[in-house]
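In what follows, chain A forms one complex with chain B and a second complex with chain C.
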Partner chain A sequence: MRLELREVRHVYAPGTPREVEALRGVSLGVEPGEVLGVVGGTGSGKSTLAQHMNLLLEPTSGRVLADGRDARAMPRPELRRKVGLVFQFPEAALFAATVGEDVAFAPRRMGLAEEEVRRRVRRSLERLGALHLAGRSPHALSGGEKRRVAIAGVLAMEPEVLVLDEPTAGLDPATREELLGAVLGMRGEGRSVVFISHDLDEVAEVADRVCLLEAGRVLACGRPEEVFYEHPETAPAAVRVAREVRREHPRVGRPVRFGEVREALRGLLSGG
Partner chain B sequence: MVGANGGGKSTLVRLLNGLLRPSSGRLLVAGRDPSAEPREVRRRVGVLFQNPDNGLVAPFVEDDVAFGLENLGVPREEMRVRVREALRAVGLSGYERREVHTLSGGEKQRVALAGVLAVEPEILALDEPTSMLDASGRREVLERLRRLRGSRTVLHVTHHLEELLGADRVLVLGGGRLVADLSPAELFADGDLLRENRLLLPPLLRLARELGLPLRAEPEELAAEVLSRVEERAR
Partner chain C sequence: MTMVGGGSSIGQYYPAPSPLHALDPRAKLLAAAALVVGLFLVDSMAGMLLVLAAVGVAAAISRVPPGAFGRLLRPVLFIVALTALFQVLFSREGPLLVGWGPLEVHEGGVRTGVFLALRIALLVTSAALVTATTPPVALADAMEDLLSPLRRLRFPAHEMAMMMTIALRFIPTLDEEAQKIMRAQAARGADFSEGGVAGRLRAVLPVLVPLTVGAFRRADELAEAMESRGYRGGEGRTRYRELRFGWRDVATLGAAVLLTGGAAAL
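Then we have the complex of A and B:
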């Protein structure tokens, strides 16, 4: 599914002294099968943007289009099945007695046959490396385990677009890597992923394109090397090293992923 | 304090202020048992929890930040000054009258941290205080914590190993045990310890290590290191 936002504005508490314009005319598209990284400082509008993707929040003005059709015309259950949204700290919503039951909740509500529900529970837990937790109580899990279970719960709806809002906040580096692997796996299945994060290093590892938000506006949207090299203040540490070095040695190029930066600098250092 | 998810870090923080009670063994904070004298201990220990939504209590930002001070009976005028200073320290000047529920996750985290900073307790136990902050927010907060050094005790739980660069000691927790108690430099040099505890060097330190260069805290410094090596080679 292709998701598009056109000139989306969102004002919280309009007409009151507390009025805040969180989005000021955002236009961007999410292509099928891509990982779109969304970056930007605290309060730049990232989470507000995320909640517009399945119309949990409705635009004050502007439109959200799903495959070219106004998403507002779609039945909400269908839209929310196709666009799965994982909130910040999603583990706060875990409620069932076991992990397996928790993940089964959404697919069961979709009216799927029990066999299909079980298949999806298994698959999505497996994808997040959490199958071994299926029989446990979600409340007895560690923070990182809970996070994975909560994401599996949304994945079990098999959405066409998965929107992840700060999915790795609070995860240890190894768990983070597993989650990034899972994100790439979903892209491999033709799903698109909107990956919202303030951790630029991980965005560099997974994103096909990057959109940079600032104060509710899109400051830049494009291939990671374009966005990161033109906006070094929001570039990952490794890119900033390469960018400095490139000023004197252009042949370093514009590497983005950690491994690419390392190889480019290694080449330069060895005189190759 | 570092360690993989499930290692026991957050549990230890909860034990510290008496939210949890040890199944066996004893835990003393300034000589007192938090489960027996929670009020006394909580006056001395300011705790910041991982999910900021769990720690915020008041509808407006300034009331939330002032909450701990009110409990201590700090006079109004002084309270206003300390709230303002704490909000400035976390980069939220001017947020006094904002409603907490309209804030973003990163802003809420800063409000919760400001609440702890305003009180300046003897011990600050911060469970991932920067997990939702962007790079500049993170720098501001770390700088503020650094200034407490020498006068306050800071227990800082983090997954971002570069934040350990300014620490006196690092505790590594794994599988519910204290695995190591060492200096940041010792930890960074111990590849086995890092691996066994699912710890990864942050990208900048890893890049330096993998290129065989000295560890540097800023990208510009590492770039300068690379450039000087290349120049040396050319000569």
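Then we have the complex of A and C:
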């Protein structure tokens, strides 16, 4: 599915002294099968943006389009099944007695047959390396385990677009790597992923395209090398290194990922 | 999807630069208490009207929008109307005003009905005047101070006030948390508009369980944070905001007591 936001504005508490314009006309598209990274600092409107993708929040003005159709015309359950949203700290919403039951919540709500529900629970837990936790109580797990289970709970809907809001916040490096690997795996299945994060390094590793959000506006959208090299203030560590080297050695090119930078530097060193 | 109300309905504090806001919270509490006692002692219409006028003047001084009192009164309005109606219809005191078959309206009934309605409405309004013009924390401090003589009888005044303060402090936090959880479950297909007992329960459990788990976690964290900052209960504890009873407070309290006495005597 192709998801598109057109000139989306969102005002919280309109007409009160606490009125805040969180989104000031955001336009961006998510192509099928891509990982779109959305980066921006705190208060840039990332989380508000995320909640517009399945219309948990409705735009004050502007439109959300699903395959070119106005998403507001779609039944909400269908939209929310196709656009899976994982909130920041999603483990705060774990509730069932066992992990398996919790992950089964969404597919059951979809009215799937019990056999299919079980298949989806197994698959999504497996995908996040958490199948061995299925019989445990979600409240007795470690932080990283809870996070994986919570994401599996959304993945079990088998959404066409998966929106992840700061999915790695507060995770240890190993769990984080595993999670990023799982995200890349989903792209392989033709699903699209919206990866929202303030961590430029991890966005650089997974994103096919990057949108830069600032104060409720899209500052730039494009291929990672374009965005990161043209906006030096928002460049991941690897890009900052490559940019320094590039001043003297233009041959380094515009690598973005850690591995690409390493290879470029290696080539430079061996080539003299 | 239904969401929990925006928080402004609970707490009911309306910040405004009014003389009523500036009063010592103890004075306001005691004055309101005096007024409440007065309301129960008054048995003449003149006395009731005197209290009504006094509460009206206080409400005007407070600069709290009248709509705020209206919202507070709305839930009790039904009870007020019902009790007044019962009095009007079933009391057989005084001369008969209207008779219609078995239904008889007597003058005494109308009088008690109006009286009861005014009494309840004024009761709620004077309590609302205190909560609307006093920040919850100041109110808890005042309660602690007023209850402190009871400490000799081993009544935990400080602990009560601290519990109240903490509870009030966490209402907006829990409200926010509940909304977050509801949205997260809605993203997983939860439907909060479902009807029927089973449907309601199905919708409520996925919110209630994580909310409770979160509240316990928060309580633990708060207890640890308080202990690590040296909190050891009320003994010998000083306050950042000292309560001061000034001449305005004495005057207000005096006026309230006089008014009560006057209204009861009328």
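Please note the rule applied: the second predicted complex is superposed on the first by the 269 of 272 C-alpha atoms of A that agree within 3 Å, B and C clash if a C-alpha of one lies under 4 Å from a C-alpha of the other, contacts with A are read in each partner's own complex, and residues count from 1 in each chain.
Here is the rule we go by: contacts are C-beta pairs under 8 Å (C-beta built on N, C-alpha and C of every residue); 3 or more make two chains touch, one makes a residue touch a chain.
Not measured: the values here are computed from a predicted model.
Of the two partner chains, chain B and chain C are each touched by A:92.
In the superposition on chain A, A:225 makes contact with neither chain B nor chain C.
In the superposed model, A:51 makes contact with chain C only, not with chain B. The larger set of touched chain A residues comes from B, when the choice is between chain B and chain C.
When both complexes are overlaid on chain A, the residue A:160 reaches neither chain B nor chain C. Of the two partner chains placed around the shared chain by superposition, chain C is the only one that A:109 touches, whereas chain B remains out of contact. Of the two partner chains placed by superposition, only chain C is touched by A:77; chain B is not. By the touch criterion defined above, A:169 reaches chain B but does not reach chain C. Within chain A, the residues touched by chain B in the first complex and by chain C in the second are 13, 92.
Within the complex, the chain A residues that touch chain C are 13, 51, 54, 56, 77, 80-81, 84-87, 90, 92-96, 105-106, 109-110, 139, 153-154, 157. By the touch criterion given at the top, residues 12-13, 18, 20, 40-43, 46-47, 88-89, 92, 141-145, 166, 169-177, 198, 200-201, 234, 236-238, 240-245, 248-249, 258, 261-262, 265-266, 268-269, 271 of chain A touch chain B in their complex.
Those residues of chain C that touch chain A in the shared complex are 6, 177, 180-181, 183-191, 205-207, 209-210, 213-214. On the side of chain B, the complex with chain A involves touching residues 3-7, 10, 50-51, 53, 98-99, 102-107, 110, 128, 131-137, 159, 198-200, 202-204, 206-207, 210-211, 219-220, 222-224, 226-227, 229-230, 233.
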